[in-house]
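Look at the two complexes coming up: chain A is in both, with chain B in one and chain C in the other.
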Partner chain A sequence: MQRSFITRNPSVLIFLALLALFTLGVTVLSEAFGIGLISTSYVKVLGKTLCLALVAVAMDLVWGYCGILSLGHFAFFGLGGYMIGMWLMYERTRDIVVGALAEAPIPPTEQEIVDGIGTQIFGVVGSNEFPLIWSFADSLTLQLALVVVVPGTLALIFGWLAFRSRVNDVYLSILTQAMTLALALYLFQNDSGLRGNNGLSGLQNLPGVEQPQSHVSMWFLWASALALGLGYLLSAWIVAGKFGSVIRGIRDNEARVRFLGYSVETYKLTVFTLTACIAGIAGALYYPQAGIINPAEVAPITSIYLAAWVAIGGRGRLYGAVLGAVFVSLVSSWFTGGKAPDIPLGIYTVQWVDWWLVLLGLSFVAVTLFAPKGLGGLVDLWVERRSPNRHGADLGPDLGSLREKEASQ
Partner chain B sequence: MMRILLAALLLLAAVCRVQAQDTPMQAVLQDNADLMVKSSRQTIGPVIDAVVASGLPQVQDVLQAWQAKEMWQRKADGLFFHGEKLDAKTYRLTDFDSGLPVGEFAKGDLRQLKPNSGVRALIGVALVKFQLSDPDPTKRRDALVSLERDPNGAALEALRASIAGETDPALLARKQRLERLLTMGYDTDPAARIAAMEEMAGDTGLDVRATLNPILQARLQVFDGEIPEAMNVLSRLEPGSDTLPVTVAYDLLVEQSKAPALISHDDMRNILAENIDGGRVGGIPVAKLDTDPARRQAFATLVEQGLTEAATTEDEIESYLSDYIFAEVYAEPSRAVTDAAAMALESISTRVGIGQAVDLTLDALSLASIYFLAAIGLAITFGVMRVINMAHGEFIMMGAYTGYVVQQWVPNHTASIIVAIPLAFTVTFAAGVAMERLVIRWLYNRPLESLLATFGISIALQQLAKNIFGTQARPLTAPSWLDGAWVLNDVVAISYIRIAIFVLALFFLGVFLFIMRRTRLGLETRAVTQNPGMAASMGINPGRVNMLTFGLGSGIAGVAGVAIGLFAKVTSELGSDYIVQSFMTVVVGGVGNIWGALAGATMIGFMQKGIEWFNPSNTLAAQTFMIVFIIIFIQFRPRGIVALRGRAAGD
Partner chain C sequence: MSALLEISGVSVSFDGFRAINNLSFQIAEAELRAIIGPNGAGKTTFMDIVTGKTRPDEGRVVWGDRSMSLVGMSEAQIARVGIGRKFQKPTVFEDQTVADNLLLALRKPRGPLAVLLFRPTTADLDRVAELSTEIGLESALARKAGELSHGQKQWLEIGMLLAQEPRLLLVDEPAAGMTPEEREHTTSILVDAAKTRAVVVVEHDMEFVRRLNCRVTVLHEGAVLAEGSLDHVTRNADVIDVYLGR
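Then we have the complex of A and B:
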């Protein structure tokens, strides 16, 4: 008997319920629509965390399920942010320029307005003309389409090049890292057309919106929650079906899947491109809440952090990725925000602002060494789902199906 | 009374004339006394010529004293002397002809000659001749240096005259070279200039180019009709072409009052704004003035009404420009000279191009050796052991900080570097061994997870370095004998530090080859790499071998850190700047082979410098394109340049 998707994956329903509950809770506690217990800036932090959770789900799909350790997914995240940022910055500057020119005795021409916007936006990089890539910046619809299209196209081209020449494992990781480094270096140039080092700023202001930031931040929280819910549902649906079985097969033994007649490259490319699109959407929701995007956001280190969140949360299970991203980024902001109490050691006081990264780094090591299942493993204890006893160390989701001796041969 | 005075003057004049027999220089000076006292640039020429033409041995002394404002005139009889200050009020005068002191005089009785700077410059030109042939080589050199710095045609004759008598071979060579340069630039005979140019063609010196370039200076000029035959025209330009944009051409017309000024967009708007009359401008409602045609129409109406002056709009530019001919015209009138100069410059630029290629090659080699040094440790850990060590960059950083700390204790820079290199090796070797024992060995065969674990160590180490040394850059100073550069000519130069790094890279290549091929450890490492199970059966302890190999790779990273720290600032991010490039070096070159790392480093170094050469201002773009190129390169050789085959490949 064919059971429904939900009954086979009860975790999806639980996750969606928890997400809805969380959103409702924040709404009730928010300044804008509730009793004001959570400040607007913290609402933004929570909203951003949801976006990070979404990109972590994408990362889990590509790494935990398909076995491609991409160290470049934040490039797609950043590109999504840049795409929406271009529209936000253009329209907002347009409002300012039109307002300024309205004072003049003669009404401005279209060209004067565009020139004014150009001077405002590109003045910092010593230019006043719009580069070609800003051609669609005045159209919200097109820029929204680009949020998906640009990261998707980049992933498609890069993935096609990489997978068809059978670049695998660590080589692929290094190549994806090179890709995001190349993108970051390119964006750092002043003549890249995206304001170089300065990046795009003032993104928190929605053009044509009168409501205060407390309202805007809640809208973005809802949008992020919705995107996370849909993204989670889509990912869960993908991995639950036959497609999911094939990509897990590719993760565990690529050669065997290929010999069974599957087009491994097509599957990998599909997953890689799809997750890039999801990452782009997550970025497009993240950066309006952050308010600023600059090339440092797509530096290789951010993508490695993404992999670390998924590892800490537990790869190979979607809720694990969400758990890892939420846990690490919230704990991280708690420590670096100076809220953690200092530890006096007599001669030396451990200040967490300085020592948090050391702790984080060592916990990466600890997780990979001692808890390959990550935080998600705790859920197993809760539901008492025991892994089969394979007489040896637990090797995590991919090698976990093997005995330790087998895995190390 | 008057008569007596006149008689006295006559007598004095007679005395003077008598004296003129044995004081020839004084006589020359007296003949020109008026012009000398009231000297100006326009009038002084004949005086100087007269002094020089006298051909007396005293000429140089006179000119020098005059130029240095040390020539004084005695008010009593108007004679000129060399004055020497004794104290504030008294001067001792010396006669130019006899060279003997005439006595001490009060300042009030004397008048100082104060030639202005223009006059002094002219005197200087006349003096060069003497200075260039001065018996004292130092003075000759000084004169030569000042002439080289500020070449002028007037000194050409003097320079030529001085060459014959030059005894110092070094000075002679410089004089001859300068003579050629001056001939090229200033000789009156075009044939001589052309000959000199042909002779100097192919000389890469900056001075040759500095002489030739002004000859080829061309100025944009406008002609009403055909260009006069006598003009030496570089090229005729059509307005609207790449070399002559329409706006530049039109600005030139405006500048020469051949066309009315172009009204800018802003000016037109301002004029319209000034003429708003009851909500309308020229009959058009203000609200409708938000398009360019409407504004132009309103402006035309204003002109018709006589409210503003007519101005050219962009449409009319064409008709103005078509009336004139634009051409770039050489300041140099002789066509033959400019042609020869252009040819000489072209042949020089070929030479300079070759020189630059050599320079670029040296730069690329030094960059390649830096990448090689940074990647050689990775080639061991990643290549031989298949472990991605993300903390490799932090080992480089550790090495650099070790060097910094050593310099705090050992102030002598040479000694401190000699101490720092083995110490950095020891420190990072220990760190590498500790890391292998504690973390890596649990993660063999799980490369992706070892990547994450080592990344964790990497950020922990980076933050630790920040906590200990702070975020600001720390200096690691190179010994003074490494300062400066090895200069081959004006084009090719390479700094000694880069040569040292190149040598260091070669040294470590040798060390690595020696260890791998000639030692027990190398043999065991190769055995464990190829088949750990079999190696273990033969009595090799794979754990120990892995530990030592990892330590060796880390140790070399530490030494690379000292080398890199010598030319880059030591910060906690030092390692992460190199880590991606190092990985790419290994991947491009081919894993598991030291020659691969060498090939990869060479290729990346040369490529980066090559791309920088196309666009020198933008190293970021160079790196971007290089990475894109590498991604494409991997398509064609997924296993790198030097791919291992057969059993050595392992899998």
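Then we have the complex of A and C:
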């Protein structure tokens, strides 16, 4: 069964092979385990990009396949980050507090340690009490569970309310924007219990780990690659079968699916919630690599970017979403990182740090109008142009030789 | 014959306009019935009410041996008790193959989990092949539904209805936009289908209705104007007045 799924969907195999190759390549070139051509900070950029690709796959599932233009999936991504961030910050601070109190003449009580952690973490918002939502922060297992449970529950409640009242199209998109805005505003408050606009920081430090960041960054890259691979496989399996047929039907003609006897609302809710959970996992892997999370991460605009990546990459195909996320976020970090040369226009100089967003917006519009298939459409061109009798021919380095394998299948 | 579907005293208004006005009639088990009437008579609205798309303001819609009330049930629930519907303009899933369209409609559990784990058995695929022969699309199984001609799409939609194995089939203008040969084929599919289940056909084309050779109900301004054989209703003075005479 598994084999027939792969043979029916060769793009899955190609994707997983490329991902494995990429991971291996980065490992060989890394400072920690290889020849040191890629700096640790760039390893983090790449690892984060894999997480963005994963949330883009989720976005493609909910939008490209099921037709729900959610402009709130970064809220779930951010919540995943907050959940793991709470444990990281708690345990890390605990190490520091225990270390500091060890020099005291009398050994500290458990309560003194907890109070110490509270003062350390919440001092910036003028408090030293642990809010209720931190109840499980000392348990890695529970916080890991919350990474999927919290986004999943929020999506379930929100989706249930919205889909049950048959809110559709642009109204639904606006509602999801309102949801992520409300979450951001809530988190911005100092008494939200998550340190207001300071957010959670120092997340790159794993408690109890002695290895340097060069190692830790590689672990996270591997974990992100694994999560992306599994998430991609799961999504591809879901859309390949009859379930995929139903949700594409919902996207194209919701009423018809209803009159066939499928409960459209249940399907939408299932996809919405599942993708929220995937987004949560992606976020939980992203923020330890970013080192910090604050409420700006779940601002409404971030979810709109996510939709733009998927549109530019080509929605309705999973590798399109990955292409879009990887391409746009890498290009974006190039432009905003100050590496792109300014364009002097005499009276005005175009500085890409400011103008990059305009460029992104224009590309979004251009893709929507002129190339609705996005970057993924290029793959179509390539596949159509590929003449089947070129077996054995040298198709070129790396990428090309992989496709040749498929050509000879 | 016991009634499969019984509609009594149903009325619906849209912004004060009475589209259905105290409508009552019955469909028997395995009956073929044609509904005719001028534009705006409420034919499509009648189907909307039976299939749960429109909620009646008053009246009862009762289904089956156990006299289940359909009012207030969702479209999906009504479809699952055994009512299939074909829309006025052909609606198939254009982005999917003919085989996928039929598989989607096949009478199987509709819950997300069952659907997620569904793998078509040989029996399912045989059934799909059989249906495609019935609707004359056996050579188009692997083609995208969007590539089909207008008439073929209509047939595919009828095929999907048959795949659902409904006890009542509501068909809205199946012959619209078809060539004479295609119409003939459509007639035979519908007459065949009505051997084992009830079929209600809305149609404007009198020739088509004549070939169906069944009881005819004439709707006008949301109510039944006349009912009986085609010859009987076409002799009715009121019918000639509001529909045929124009």
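By our rule, the second predicted complex is superposed on the first by the 375 of 409 C-alpha atoms of A that agree within 3 Å, B and C clash if a C-alpha of one lies under 4 Å from a C-alpha of the other, contacts with A are read in each partner's own complex, and residues count from 1 in each chain.
FYI, contacts are C-beta pairs under 8 Å (C-beta built on N, C-alpha and C of every residue); 3 or more make two chains touch, one makes a residue touch a chain.
Computed from a predicted structure; not experimentally measured.
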Problem - chain B versus chain C as contact partner of A:266, first or second or both or neither - result: second
Exercise for the section: Of the two partners chain B and chain C, indicate the one touching more residues belonging to chain A. Expected result: B
Handout entry: Partner chain in contact with A:33 - chain B first, chain C second, else both or neither
Key = neither
Handout entry: Which superposed partner A:334 touches (first chain B, second chain C, both, neither)
Key = neither
Practice task
Classify the contacts of A:362 with the two partner chains as first (chain B alone), second (chain C alone), both, or neither.
Solution key: first
Completion exercise
So, in the complex, the side of chain C touching chain A is made of residues 51, 53, 74-76, 79-80, 84-85, 87, 91-96, 100, 103-105, 110-112, 115-116, 118-120, 160, 164
Completion exercise
Per the touch rule, the chain A residues reaching chain C in their complex are 1, 238, 241-243, 245-246, 248-249, 252-253, 255-256, 258-264, 266-267, 270
Handout entry: Interfacial residue positions of chain A with respect to chain B in the complex
Key = 69, 104-112, 158, 161-162, 164-167, 169-171, 173-175, 177-179, 181-183, 185-186, 188-189, 191, 300-301, 304, 307-308, 311, 354-358, 360-365, 368-369, 372, 395-396, 399, 407-409
Practice task
Can you check the complex and tell me which residues of chain B touch chain A?
Solution key: 265, 269, 272-273, 276, 281, 286-287, 289-292, 295, 382, 386, 388, 390, 439, 442-453, 455-464, 466-467, 533, 576, 580, 583-584, 587, 618, 620-621, 623-624, 627-628, 630-632, 634-636, 638
